[in-house]
């Protein structure tokens, strides 16, 4: 590949990281204001207009807090864990297309720049793989901090994520079948010409969504950190920036899975009934993508402050006895429909 | 509109391998013997299992490199099966280990020697 | 010829002739194992169904066959049981059923008389309890099946299957009262003696196959006819004597025939076989099975014709057997024993006929003999029935009044076997005698004539002692005396009619069998005998001797002083009398020269070879295994890693080895 | 480029494999194994088997090894304590055996690689279609029966694991 491609790739990667990091403070603010709204209170409103600068204050607080490493902890792993959590969260995004892409001419050579870091043949599988590895951070954190609450958290998250991957994967296969390709752009492309999968496979979408909640350890499935049972779960012992990394990882995960949901079920960056290409098309696409993702992010917040936490056994039962069968059902439907050419 | 051609295409490279088959096989052999060493020398049942997984993977590597060299997909399919079976093996093995631990309070395989003369 | 091409319906029917008895054998046999067999009616119907239907089918087939035979050139019916083929290397055996004149005669006899005897048995065996009753009929049907296979089989192996099958059934039926020692002893004796014969049969069979690689009798016949020289080549075993293949094969096969048909030296089992129920004696040991040997010799007459030596041997053995058996029969007092020896002697006649080259007459005698001997046995059965199990003729007498039908039929058959002109026995026996003389065996002819006289004598002695004079048994026996039910008398009557009339079809019979038994470079004797002077001489002499025999018997055993003259006679020749009474001590002789040595050597093998050597070896092996186990168990440390280590070591060795052998 | 990648991945793989078999703490062994698997996955991609690479991560790294961690935590099986019966002799012997066998295999590999390449029917046949499609075609065509069998095996394992670990209803 040429230096041009390399540079473009680097730029795109930088954009991704930047945007994801940038989202975090905003999301923190949205979360806190949103929760306040839902719980009918004011929420942070001192720092800056509408408390917009509150996240900054939080960040500062994190930075200046004392960084404690428990004496009985497994130092190496203890330090490693937050990174292991954040990394997959960031990298997952790089196979998700967030715009139609544009044609640019650079030094007389025409290039096509797709709004996606890596268009991989096996995009969906890559996503599943990275999500799967995401659990290590939590587990290792739980293990290394050598604290029974943390360990319980780690245990739970490992079991939980393995269980919900199953449902998620099955649901996604339902989408892959009609598209007949593992490339996410292909999925988007398909939805531009057909109904969005949220309409053709509502059951699959529901399964995927719930599994997504579980994968990101968000309420009502935040077993690993269930603050009322295990003080703060896997990150009980963590403080200051290390904790902040977990924090960022969680939000990054939220963004990623929202983006994934959008791409798989809501037509990605495509806007129905609108055909535009070139710069306007790109802008329109990216705008649409951002809008949809924002909606899902709000959904995350909304759900978190509305629903109570599940009990662990209930969680498992839901995963294995409800979601997996549902996903299988959806798979059956989708394969039949594909065969018959209904969707 | 045409789907843009994938930029860094992870698909199969059409050109013959830049790395000789022998190198892959050597790597696989090395991994295999390391795993074997683990199996022979570790007393912790879990470590034993890990070593076995390692050996399995060396086999997979050999499969894939041969398949690549011969230019057919049987290697990949075999690996597919190996992985599936490995999953089954791990599940059952760990289950056994858990039950053993419940009764004998240890997973040191040298302690589990009641099945002798 | 597959069933497909063998379109005529009889070809397909053919299969059912043996199959039906087999089916009822199996059904009744299974019934015998269930409490259902308490109900004898059921067993009876099942048991009669097989032979009855089989008889009908046979009638149909034989009838069509004779029609087609009369009209066009004789083409035997063949059915190819394609589902049963031995096929190993050069050895190909199609299992074919064949109906040619010879087997047509045989199956008629077997099914016909077989059915009658089944009918007879239903009442004769009625005292048996249900299970035994069913068992009996199962055996009897199985026997019919085997016998039919024997006569219908077109290949030697198939024939042999039937051969062994009848052997087995005879064993089972002789030992039917297996709770009695003498019964199962007799059964064993029959079986063992037959084995000796079978051994000969097998060897002969193989010898033939060696020179003509086929077991199909018809191919055998054609090939031998085509190139007899193969059989005529000389062998020089051990540098002792010269012998042609034909002779060797013929003699070996004849050994088999001797076993089955109770000829010297293997006749000893037949008299003992009377331990079985009387109908069995009638069916198996008089009418059908014992004639299997004759049938086999006739079937393979081509081979015999090629070997004058064998022919002579057959004739001589037959003749001597006839004489010896007749003499023994003179002073037996057990009614069945007498009949048994007479059977042996009659079989001797058959072989004499075959040996003299008159296979037709041999078979013809089989045919007639089947009637009168079956009738005689059944009659004796009826008598024994009436006497409540008494078999000694000295305790009988004067039964004429009580058992008129039995007496009538018995009498007719006696006349027939004695060779009184006009009755069936006369025709066949006379024909045999004639061709014997014609074939130049003058000496044998003489003996045969004498034997005929003896036959007439002892048969009349038997009849007179049994039916004439005063009753010599106990009084309650006399009370118990009664004529048998119709199921027993009907067969008697039918058979008696056969015994009386069967002789008259002689010319037809000859023409019918000609293509098989005469045609192939026919023995000069047969044609010559037809109207040669020999026959007239034979006719005269045989009638004469029969008359003498009858006369003496009459003189001895009738009137007031019945039984005194024989006393005098026996006292005047004590040695001879003793010898005859003791049956020449043949059994004792065999016991001395064969049974005891075998038993001793067996004991030797058992005590020394088996218990010491073989068991020793086995135990040594076991001990070795145990030892290795004791040593090897130290390898099983129970530690996974050690096992893993051993596996790895093995893999290493293999790797080194492969690297060594295949670089 | 390809060669460099190979060398790096191989080095990483071997290094962490050694950690796996030598480190007394099972948790670290697991993590080291994860790294090895990642390295191998990259090699798989290089070997034109992206699907297998993905499976490697999803199934092995993502499921099996997580299961291992889960069990380790469940049993709270800390670092292998030196229980005295560790014999240096045993270590040496096993080292020798392993090395010997590995050497044999390696030798075999070198001897055979020439013949191995010769059998190559056009490697570009893989490139013809997306390898996932290609693999799928082979898997569901030629190896369909084996595939079904494997599904049965997995079901059996599932049930077996459940039965084994089920506590007696007190």
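Just a few scattered comments:
Should a chain be cited, it is by its letter among A, B, C and D, assigned in written order, with residues numbered from 1 in that chain.
Just so we're on the same page, a contact is a pair of C-beta atoms (placed from the backbone, for glycine too) under 8 Å apart; a residue touches a chain by one contact, two chains touch by 3 or more.
Not measured: the values here are computed from a predicted model.
Distances between chain centres, each the mean of the C-alpha atoms, put C farthest from chain A. Taking A-D and B-D together, the chain pair joined by more C-beta contacts is B-D. With centres set at the average Cα position, the gap from chain A to chain D is 29 Å. Distance between chain centres (mean CA atoms), chain B to chain D: 2 Å.
Once the centre of each chain is set as its mean CA position, chain C and chain D turn out to be 78 Å apart. In chain C, the residues touching two or more other chains are 645, 648. Contact of a single residue of chain B with at least two other chains is seen at positions 10-11, 36, 40-41, 43, 110. Residues of chain D in contact with two or more other chains: 50-51, 55, 63, 67, 72, 74, 93-94, 97-98, 101, 105, 130-131.
Interface of chain B with chain D (complex): residues 10-14, 16-38, 40-44, 46-47, 49-51, 53-54, 57, 60-61, 64-77, 79-81, 83-92, 94-99, 101, 107-108, 110. Those residues of chain B whose C-beta lies close enough to touch chain C in the complex are 36, 39-41, 43, 48, 109-110, 112-117. Within the complex formed with chain C, the chain D residues making contact are 93-94, 97-98, 100-101, 104-105, 107-108, 111. Every residue of chain C that touches chain B in the complex is listed here, in rising order: 633-634, 636-641, 644-645, 648. For chain D in complex with chain B, the touching residues are 1-3, 6, 10, 13-14, 17-18, 20-21, 26, 29-30, 33, 36-37, 40, 43-52, 55-56, 59-60, 63-65, 67-68, 71-72, 74-75, 77, 80, 83, 85-86, 90-91, 93-95, 97-99, 101-103, 105-106, 109-110, 112-113, 116-117, 119-127, 130-131, 134-135, 138-139, 142-143, 146-147, 150, 153-154, 156-158, 160-162, 164-165.
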